[in-house]
Structure formats: structure tokens, C-alpha cells
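Got some structures for you, see below.
In the two assemblies presented below, chain A is common to both, partnered first by chain B and then by chain C.
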Partner chain A sequence: MEFVANIVVTLKPSVLDPQGNTVKEALHSMGYNSVEDVRMGKFMELTISADSEQKALDLAHDVCNRLLVNPVIETYTLSLKAQTGGAV
Partner chain B sequence: MEFVANIVVTLKPSVLDPQGNTVKEALHSMGYNSVEDVRMGKFMELTISADSEQKALDLAHDVCNRLLVNPVIETYTLSLKAQTGGAV
Partner chain C sequence: MLRFGVVVFPGSNCDHDCFYAIKQFVSKDVEFIWHKSREIHEFDCIVIPGGFSYGDYLRTGAIARFSPVIGQIREFAESGKLVIGICNGFQILLECGLLPGAMLRNTSLRFICKYIYLKTVNSDTPFTSSMEQGRVIRIPIAHGEGNYYIDPDGLAELKRNNQIVFQYCDANGNISDNTNPNGSVENIAGICNKAGNVLGMMPHPERCCDPRLGSSDGLAVFQSILKSLTVSQ
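Moving on to the complex of A and B:
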């Protein structure tokens, strides 16, 4: 079965986010002063072939911890769903 | 009131994603061959001060269309929620 894992990687709240600050200042310079804060992150969509949802979930967490996420400064959220119309 | 807008910007399906391909190849070289595809995107969290949820939503869409998203090659999804514990 095929599964799609949506992964959002964000900086921990205590970590400075210069990219987010730059976007915030750009928005302020365009007149969007009601935007009080901007935090940037990464989004990844993984298509995983696995026998079961649990195996796909385990693999996705493993991949996050080993390659995609730096646990010193980042956290991640992960959601998995079976792909409709995928190979069974 | 304060609202938090979570914005996920992804490349349109027809657009090549070299960054995603690089991650996929890195995963394959680490033995994660069951990862069939990787697509990269951006995640942004905007804290918005607005009178109503509708105004915050309108502002967030406006900001996406004017600065954060390139509509030629990207699409975005937007979810908004009231911030708990924010200034009222």
C-alpha cells in the first residue's frame, strides 16, 4: 500500500528565526502591520510504500529523526494518510 | 484578537522539484528504498492581530497572493485558528 506522510518541521520557539523576521519586515513595509510575527519552517511530503500504516508511520518518524530534522533546534509534526488510488 | 495562520506552500505537481529529488536520493542511499517520492515545500506561521476571524483570513490570503506564494509554480493551503491566551 502507498501512504503519504506530511511533515512540518519548525524551529523550536526559543530559536531565533531571521528568515521569518525578514518576511515580517517585508510585510510591514508593504503596510501589513497587523502581522505581528512570522515563523518559517519546512514542509515535506513523502510517498511511502509499506505493508501497513504502522510500518509507514515508523519509517516516516525514523527518516525525520535521522535526516530531515535537526532535533537540537527543530521540532516536527507528522500526519500520515493512505493514498487514494495508489497501488495496493 | 490574535489569530495564527498556518500556511503550507507547495510546488504544483507539474513542476520539477530538484530539492525533493535530492532528499529522495539521500534516503535511498541510506537504505530507505520504500520512500517513493519526496516533494519539498515551505511552511509559514503568521500571528495576525485582527477584529474578526474573517478579517484575519482575508489578510492571510492577501499576504499569500502578494508576497509569500508564486502562483505560477506554487499553490498554498491556509488554516487559521484563534490564538489561545492571546490579547483580546
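Moving on to the complex of A and C:
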């Protein structure tokens, strides 16, 4: 079975995000003062072949912890869904 | 003669500068080490140079960590031999866990390439042994991600073990926010491991060894290495 894992990596809340701050300031200068915070991050989409959803999930967490995320400064969220069949 | 090895990753671009500086001013015995090499034990000191290993994809240094030579460098370092990572080399040492902390983008979001002043706050390492404590050197930086980060507990531990080696300062050695080019915690520009035999630094000593380039202050780092290796042999 094929699964698609969507992974969002962001800096930890305790870590200053200079890029996010700059974007926030740009938004404020445009008048969007109700935007209280901006955090920038990375989006990754992994297509995983696995026997079960649990195995695909375990693998996705494993690669996050071992490569995709640096736990010193980053955190991540992960969502997984089964790839539906049919035309690609 | 003391043997230096300069590691070459795909995307390294300060490898030749390091090679030149060492060969010209430090030791005639210097070789390049391709990142797939598994034979590095014959060297006395390994230099991980600057550049953009693997295009800095994912994070700076994140992919280089999986090159075969890194396993060798880990053993080399654990056996107490000297490893110095400069700029991207520092980032690689952080990613592979030989040094604590991580790099963030410069707070200015700019790639900064200029001469700065650096204070030697720990002269009790093999990389600074020929410099007096507190010595200020003039040395170039060239990086987009040199904003050193470590959490408060990690910082306390660095201080406890005297692992902070270099801090950004002004010409008189004053350390303040105004002399911090990239947002690094406590103006940190270079740290060593607990044992003191692995150093990471963002500034480029190899770019200021030849006086014809405007400064030869960086030579002190290589001379220190030479001095400590000569003593230990």
C-alpha cells in the first residue's frame, strides 16, 4: 500500500525565527496589525510504501527524528493518509 | 612531519584555501581527503573546510553527516586527535553531534561576508595555545547561517566546561550586541568539545594566513595546532 505523509517542520517556539519576524513586520507595515505572530517552516511530502498505516507512520516518525528534523532547534507535525488508487 | 588532512565534500569551496594556508605556512604534509574515504587514521589533524556541502539542502551540514568519512572522523575525534571545522565544517560538526547546539539563519537574514574582530576567550585549547588569553584577532566571516543557538542548559554547560573559545567583539575586545554580526547566543563564534580536541568556528582563519590578503591573524590558529601537536609527539 502507498501512503502519503505530510510533514511540517518549524522552529521550536523557544527559538527566535528571524524570517518569520521579518514577514510579520512586513504584514504590519501593510496594515495587517491583527497578525500577532508568523512562524516560517518547511513542508515535505513523503510517499511511502508499507504494509500498514502503522508501519508507514512509524517510518515517517523515524526519518523525521533521524534526518528531516534537528531536535535542537526544530519541531514537527506529521499527518498520514492512504494514497487513493486511480490515475496519477 | 605533522600530517594534515582537508576533507572535501561535494560543495566544499574553502578546501583549497585551507590546503594552501597549511602547505604554505604550517606543514608541507597536507592532503585532501575525499568524503568517501575510510582511511584517515594516519593524519594528525583533520580540517573540515567551509563551503556548501550538498548544497546545504535540508539544513546546513545535514546531509554531509551521512558521508562515510564522518564515521571515521567520529572515531578520530574520540581517540583524542584534533579536528577543526570551519564555517560549514562547524555546521557539520553540530549536525553530527560532535559539538553541541545548532545554527540558525543570521538575524539580518543576509549572507554576511566581511572582516570582524574575534576575542580568544579560551587560550587553553590545542587550537589557541599560541595565543594569549583575551587576544583579539581580525578575521573574515562569510555565512548566511552562523547564528549559533543553544538552549540555556546547554549554554550553562558550555560555560561550566570552558568550551566557549571565540566570541565576536570590537577592535578593543569589547563584547556586546553591537559587535554580534549574526545573532549568536552570547556572541559565540567558536566552541570546542568537552575534551577540547574538536573545535568549530564560523570565521575563516585560512583566509587570513597570507599577509598579502590583508591580515595574517588566522595563522595563530594553525600555529597553535602545530605547537600542541609538536608538544604531544
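Note that the second predicted complex is superposed on the first by the 85 of 88 C-alpha atoms of A that agree within 3 Å, B and C clash if a C-alpha of one lies under 4 Å from a C-alpha of the other, contacts with A are read in each partner's own complex, and residues count from 1 in each chain.
We take it that a contact is a pair of C-beta atoms (placed from the backbone, for glycine too) under 8 Å apart; a residue touches a chain by one contact, two chains touch by 3 or more.
Quick caveat: nothing in here was measured; it's all calculated off a predicted structure.
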| item | value |
| --- | --- |
| Which of chain B and chain C A:Leu80 touches, first, second, both or neither | neither |
| Which of chain B and chain C A:Thr22 touches, first, second, both or neither | second |
| Which superposed partner A:Cys64 touches (first chain B, second chain C, both, neither) | neither |
| Partner chain in contact with A:Met30 - chain B first, chain C second, else both or neither | first |
| Touched chain A residues, chain B compared with chain C | B |
| Touched partner set for A:Phe43, first chain B, second chain C, both or neither | first |
| Partner chain in contact with A:Ser14 - chain B first, chain C second, else both or neither | second |
| Residues of chain A that lie at the interface with chain B and also at the interface with chain C | 67-68 |
| Interfacial residue positions of chain C with respect to chain A in the complex | 58-59, 62, 94-95, 100-102, 104-109, 147, 149-151, 183 |
| Of chain A, residues touching chain C in the complex | 11, 14-16, 18-19, 22, 67-68, 70, 72-73 |
| Complex contacts: residues of chain B adjacent to chain A | 2, 8-10, 20, 23, 26-27, 30, 32, 34-50, 59, 62-63, 66-68 |
